[in-house]
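What follows is a pair of complexes built around chain A, which joins chain B in one and chain C in the other.
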Partner chain A sequence: MLSAPYLVFVLLVFAYPLVFAFYMSFHDYFFAAPGAVVDRPFVGLANFQEVLSDPAIIRSFGNVGIFLLINVPLTVVLSLVLATALNKVVHARTFLRVAFYVPYVTASVAVVGVWIFLFSGNGLVNQILGPLAPDPAWLINEQWAMPTIAIFVTWKGMGFFILLYLAALQNVSEELYEAAATDGAGKIRMFFSITVPGVRPATVLVLLLATVTGANLFTEPYLLTGGGGPNGASSSPVLLMYQRGIEQGAPDIAAAIGVILVIGVLILAFIQRKLAGGDES
Partner chain B sequence: MSTVARSRTRKVDGLSRGQNILRYVVLFAGALVFLFPFYYMVIGSLQTEPDSTVAGAFPNPANITGENYAAINSRIDLLQGLANSGIFAGGVILCTVVFGVLVGYALAQLQWRGRGITFALVLLVQVVPFQLLMIPLYVMIARDYGLADNYLGMILPFAINSTAVLIFRQYFLQVPRALFDAARIDGAGELKILWSIALPLVRPALLTVVLLTFIGPWNEFLWPFLITKEASLQPLAVSLANYLTNVAATAANPFGAILAGACVLAAPAVVLFILFQRHFVSSDIGSGVKG
Partner chain C sequence: MHHNIRPHTTPRNGRRLVAAAVTSAAMVVALGACSSGGSSGGADSRGDITIWYSNNENEVLWGKQMVEAWNADHPDEQVKAQEIPAGKSSEEVIGAAITAGNAPCLVFNTAPVAVPQFQKQGGLVDLSSFEDGDAYIEERTGDLADQYQSDDGKFYQMPWKSNPVMLFYNKDLFAAAGLDPENPALGTYEEFTATARTLVSSGAAEYAIYPSPTSQFFQSWFDFYPTYAAETDGSLLIEDGESTFNSDEGVAVGEFWKTLYAEGLAGKEQYQGDSFADGKAAMSSAGPWAVSVYKDAVNWGAVTFPTSAGTPAEEAYTFSDAKNVGMFTACENQATAWDVLKFATSEEQDGQLLELTGQMPLRADLTSAYPEYFAANPAYEQFGDQASRTVEVPQVANSVAAWQAFRDAWTKHVITGEGDVADAFDAAADKVNELIAQP
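What follows is the complex of A and B.
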């Protein structure tokens, strides 16, 4: 009874569009004037065929692959190390917590402005690097555009993952550390033998969320690299969904990209779960 | 000699002094990396001429101006943008809290048919990425319902926030059922129980949910960007992004103006977060995400 309004909303803005997305991807769907009765024939896998034979779209999936290879390990390692360091801190705890979470609570659009400034041709980062600076600069360099975006997203989202790890660390038994200390284990040994296995459920979650975030990449390539440039080196599937679906009026193609993207994420999540959970031996 | 030896071996919660110092070095180096872009944002927004040399990272009294704020305000109406962001975020928070309390309570404390399915749905909403729904939602909301350039159209897709449901459910699970049974015996209706017994008990969760929910729509770019073409209705994140991609080249000091706008957009979220950071408790959020 109390849930009825919620369920109506779920049907309206979740279940129906979900079904609609699959429907679109299997039909020749196009925008028509409201109320106009048009024929949108079933086309089977034609949309998927078009998606999979389009080099620009294939490239965008490859870009997400590059993104994930950089972002996911960095996120997992750095947020676990920082959370472990932060866990038992006595001094300046509030300051440190705030410092780490602030990028997470700030709008991407706001911090993107600073990053463009920092990483531009004669920006501060290049000024400090001097002759080591890449040419052309980071965001307009085909090789560096995607890694720079990956680092931006790692920096931006890390606060949330530190928060998750901090929660997980509260569940690691203090006695294990004491027992290990009695046995003469060093700090580093303890980190790998107790902390890392102890927070494994959180790691599975962090892996999943970081992967989903990566697959959903839109704002950063749209703004940081001016719409996936240079030459599509930093385009993402969601960016192409926007360009194909709404700018170019092919929502069926966009829906097919979306379906492929979600299947990809599900496969990755499954593999990660196997790997992160199958370490037990 | 002996005091030196003792201080060297003294343990600060299991760590030697050297390790403890190393920990603070790592943490403060991390904090510097996390905070520096924000510092640079403020400095950059106050510079008359953009100065990207290393010296430009330090405040220079000769190069300070408030003009960038005036410049950005003349291009995009900052107040209107803030108001739109506020309406968008407020609407989402209202829906999220109402649904979260109702469904969280029903899932945690009531026995009813369809409870299992509802819980599964809540988790499913959490898992399916918004991007898959983006195109159909755009077709439905902008084309079929004609809600483009409308606050309702902006708010609707974000009204069902699973995280809030899960956090409230977690809180209600901790409340002994006997408390509610007693009220029921006294003849109180479910809504009355919810309002006068359950709600006061979860007040701490309420603040956490409001803060967490606020960040989402306040910072959201993609959806309001798709659905609002009319400048006077755009949340600040959207109008600033449009400025960034379109007209920045025409301003005298585009970076200064962009950074000034960025400061205005970032400030409310950062200030709210710093004020209420105690309520950003890891355990609550953990339960919300894990279900």
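What follows is the complex of A and C.
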């Protein structure tokens, strides 16, 4: 009984739209006014066929693959290392924790402006790099646009993942470190033999969350690279879902992209769970 | 150390899951039923109505006085007005309102590019179905009205106001580059390119011109389309169900802009802010709305877009950047809405619009209807004249997708400069033809 409100919430906000998206993806579906007489026939796999034969959509999946390959490992490694370091810091502890958390809670729109400024052709980053700066500049360079976005998202989301690891680190017993020290283990050895296995459930969670939020990449290609530019090099499946479904009035194609994305993320999550935390119970 | 939080599926839980699945299926059916019900209001009904207008400060002023004037004389048919609710774009909000069945009677900010889609959604009232519908629209708008007809020959939008796009230039930067600020050489592609080179090489401005180089479908309305309208004396992107932009003229326009980008005379990176107001670029493409914006910021002049041969200003075409009025099927009192629409586009209210916003009512006799206004505001006169020679976005199915296909070709082959413009436009034209042939 007590779970009823939550169940209703899940059904309304999650289950119904998901089921409806599946329905749309198999029909020639478009949004229409109530009462309008419209024909939305069942079209089988036609929408999926269109999606899978559209080079722009295929490319967006490739782009998000590149994004995840950079963003997820970087997020896991950096947030664990930084959380471990922050856990040992004695001075300015609160300040440092807040400093890492601030980008996470700041609106993307505001931060994106700063990054466009930093990574523009004559921005600060290129001025520091001098002759090593890429040409064209980062965000309009087909090779660098997606990696730049991946680094931006890693930086922006880091505070949240550090917080998860900090919480997990509180559960790793100090006695283990003391015992290891007595046995002559160094700091690096202790990190790999005690900290990493000790926070493994958190790592599984971080992997999963970073993958799910990463696969839903939208704001950054929408704002940072002005609609997935240059030439689609930073477009993402969700950005194309917005373009096709909302701007261009083809929610059936958008739903098909969404269904493929959901299946892809489920497969990734399953593999991650097998590899990183399969025997946790 | 770790607790098992994995849920177990006990027989009891299993029953719950079944119940949940049944509930969810029932909800799908129920919600599906909702979307096929509803009513579509009455063409002869009168009574109170709701309208939306743009959130732009000047248009709000216009909207308020229009509603006040109407309400004072129509106690039984009151108009309730509000700004369009916030969203990523007005079209998105209107589209959602159509689907939800709660669109207002009239929206005084309906983008022509979105009209075919709203029409397909069953969201728009066919204005030609009013007895005096076609006659009123054609009489007020004149020849330009044809561009606003849907492919079934009917009007699903009232042509309302345009913002004919012209080339603004910064007289101070032109003077600093040693160019004639009063008679700038911008008539032909050659003159324009030479002027642009001088502006940049002299250090007067970092870029000659800086239209947004991003990938959104509508950005071509401010670089390619006005130049193409000028070059072709008023061709639309698509005519008679076929792309026109892969013609020799279209390719010439593409090559012209490609040169500007290749030589670094136009900016390729997204700029935060207004490049023209900031003095980063010496020229900008904008409509008369910009007159009041740049009034104190830039010592500006405006000219028509260049063409390969050089077209006299009084013959040059441009893009209209119009916003129209749509009447939505959710409206209960459509007879009142039609009367309000005619009132809001009357000569008197059009005069108020001109006065308060500086935007051009889509009216056949514009400059002669308001001689005092144009005499008192000479800055607007050339826009008033230009308003009679504008091209609209084509009223075709899948118009947004068509513009996106064009923009993708433009960013890749003109801005980035990859490959051959003619080949790229041919490929884009095939894609656009395919898109607009779909229902």
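Just so it is clear, the second predicted complex is superposed on the first by the 262 of 281 C-alpha atoms of A that agree within 3 Å, B and C clash if a C-alpha of one lies under 4 Å from a C-alpha of the other, contacts with A are read in each partner's own complex, and residues count from 1 in each chain.
Methods note: a residue touches a chain if its C-beta (ideal position, glycine included) is under 8 Å from a C-beta of that chain, and two chains touch if they have at least 3 such contacts.
The structure presented is a predicted model; accordingly, all values stated were derived computationally and were not measured.
Q: Quick check on the chain A-based superposition: chain B and chain C, clash or fit?
A: In the superposition, chain B runs into chain C.
Q: Applying the touch criterion given at the start, work out whether A:G232 contacts chain B, chain C, both or neither, answering first, second, both or neither.
A: After superposing on A, A:G232 lies in contact with chain C but is clear of chain B.
Q: Touch check for A:Q243: first (chain B), second (chain C), both, or neither?
A: second
Q: Would you sort A:F117 into first (chain B), second (chain C), both or neither based on which partner it touches?
A: A:F117: touches chain B and chain C.
Q: In the overlay, answer first, second, both or neither for which of chain B and chain C A:F192 touches.
A: Touch status of A:F192: no partner.
Q: Please tell me which partner, chain B or chain C, touches more residues of chain A.
A: B
Q: In the superposed arrangement, which partner chain does A:L86 touch: chain B (first), chain C (second), both, or neither?
A: A:L86 sits against chain B, while chain C stays out of touch.
Q: Could you say whether A:F31 touches chain B, chain C, both of them, or neither, answering first, second, both or neither?
A: Both: A:F31 reaches chain B and chain C.
Q: Mind working out whether A:Q170 is in touch with chain B, chain C, both or neither, as first, second, both or neither?
A: first
Q: Which of the two partners, first being chain B and second being chain C, lies in contact with A:P136: first, second, both, or neither?
A: In the superposed model, A:P136 contacts chain C only, not chain B.
Q: Just to be sure I read the superposition right, which of the two partners does A:A215 touch: chain B = first, chain C = second, or both, or neither?
A: Once the two structures are laid over each other on A, A:A215 reaches chain B alone.
Q: Given the superposition on chain A, at which of 26-34, 62-70, 80-88 or 296-304 does chain C overlap chain B?
A: 80-88
Q: What residues on chain A does chain C touch that chain B touches too?
A: Touching chain B in the first complex and chain C in the second, residues 7, 12, 16, 20, 31, 34, 113, 116-117, 120, 201, 226-227, 246 of chain A appear in both lists.
Q: So in the complex, which bits of chain C are touching chain A?
A: So the residues of chain C touching chain A come out as 1-2, 4, 6, 20, 23-25, 27-28, 31, 34-40, 88, 91-92, 95, 98-101, 103, 117, 120-123, 212-217, 268-270, 272, 328-330, 398, 400-401, 404, 408, 411-412, 416, 418.
Q: In their shared complex, at which residues does chain A touch chain B?
A: Those residues of chain A that touch chain B are 1-3, 5-7, 9-10, 12-14, 16-18, 20-21, 24, 31, 34, 81-82, 85-86, 88-89, 91, 94-118, 120, 122-124, 127-128, 155, 158-159, 163-164, 166-168, 170, 177, 181, 187, 201-202, 205, 209, 212, 215-216, 218-219, 222-223, 226-227, 238, 241-242, 245-246, 251, 254-255, 258-259, 261-262, 265.
Q: Residue numbers of chain B touching chain A in their complex, please.
A: Residues in contact with chain A: 13-15, 19, 23-24, 26-28, 30-31, 33-35, 37-38, 40-41, 44, 50, 52-54, 56-57, 95, 98-99, 102-103, 105-107, 110, 112, 114, 118, 121, 125, 128-140, 143-144, 146, 156-157, 159-160, 165, 190-191, 194, 215, 218-219, 221-222, 226, 237-238, 240-241, 244-245, 255, 258-259, 261-263, 265-266, 269-270, 273-274, 277, 280, 282-283, 285-286, 289-290.
Q: Flag every residue of chain A that touches chain C in the complex, lowest number first.
A: The touching residues are 7, 11-12, 15-16, 19-20, 23, 30-38, 56, 113, 116-117, 120-121, 136-137, 139-140, 171, 201, 225-232, 243-244, 246-250, 280-281.
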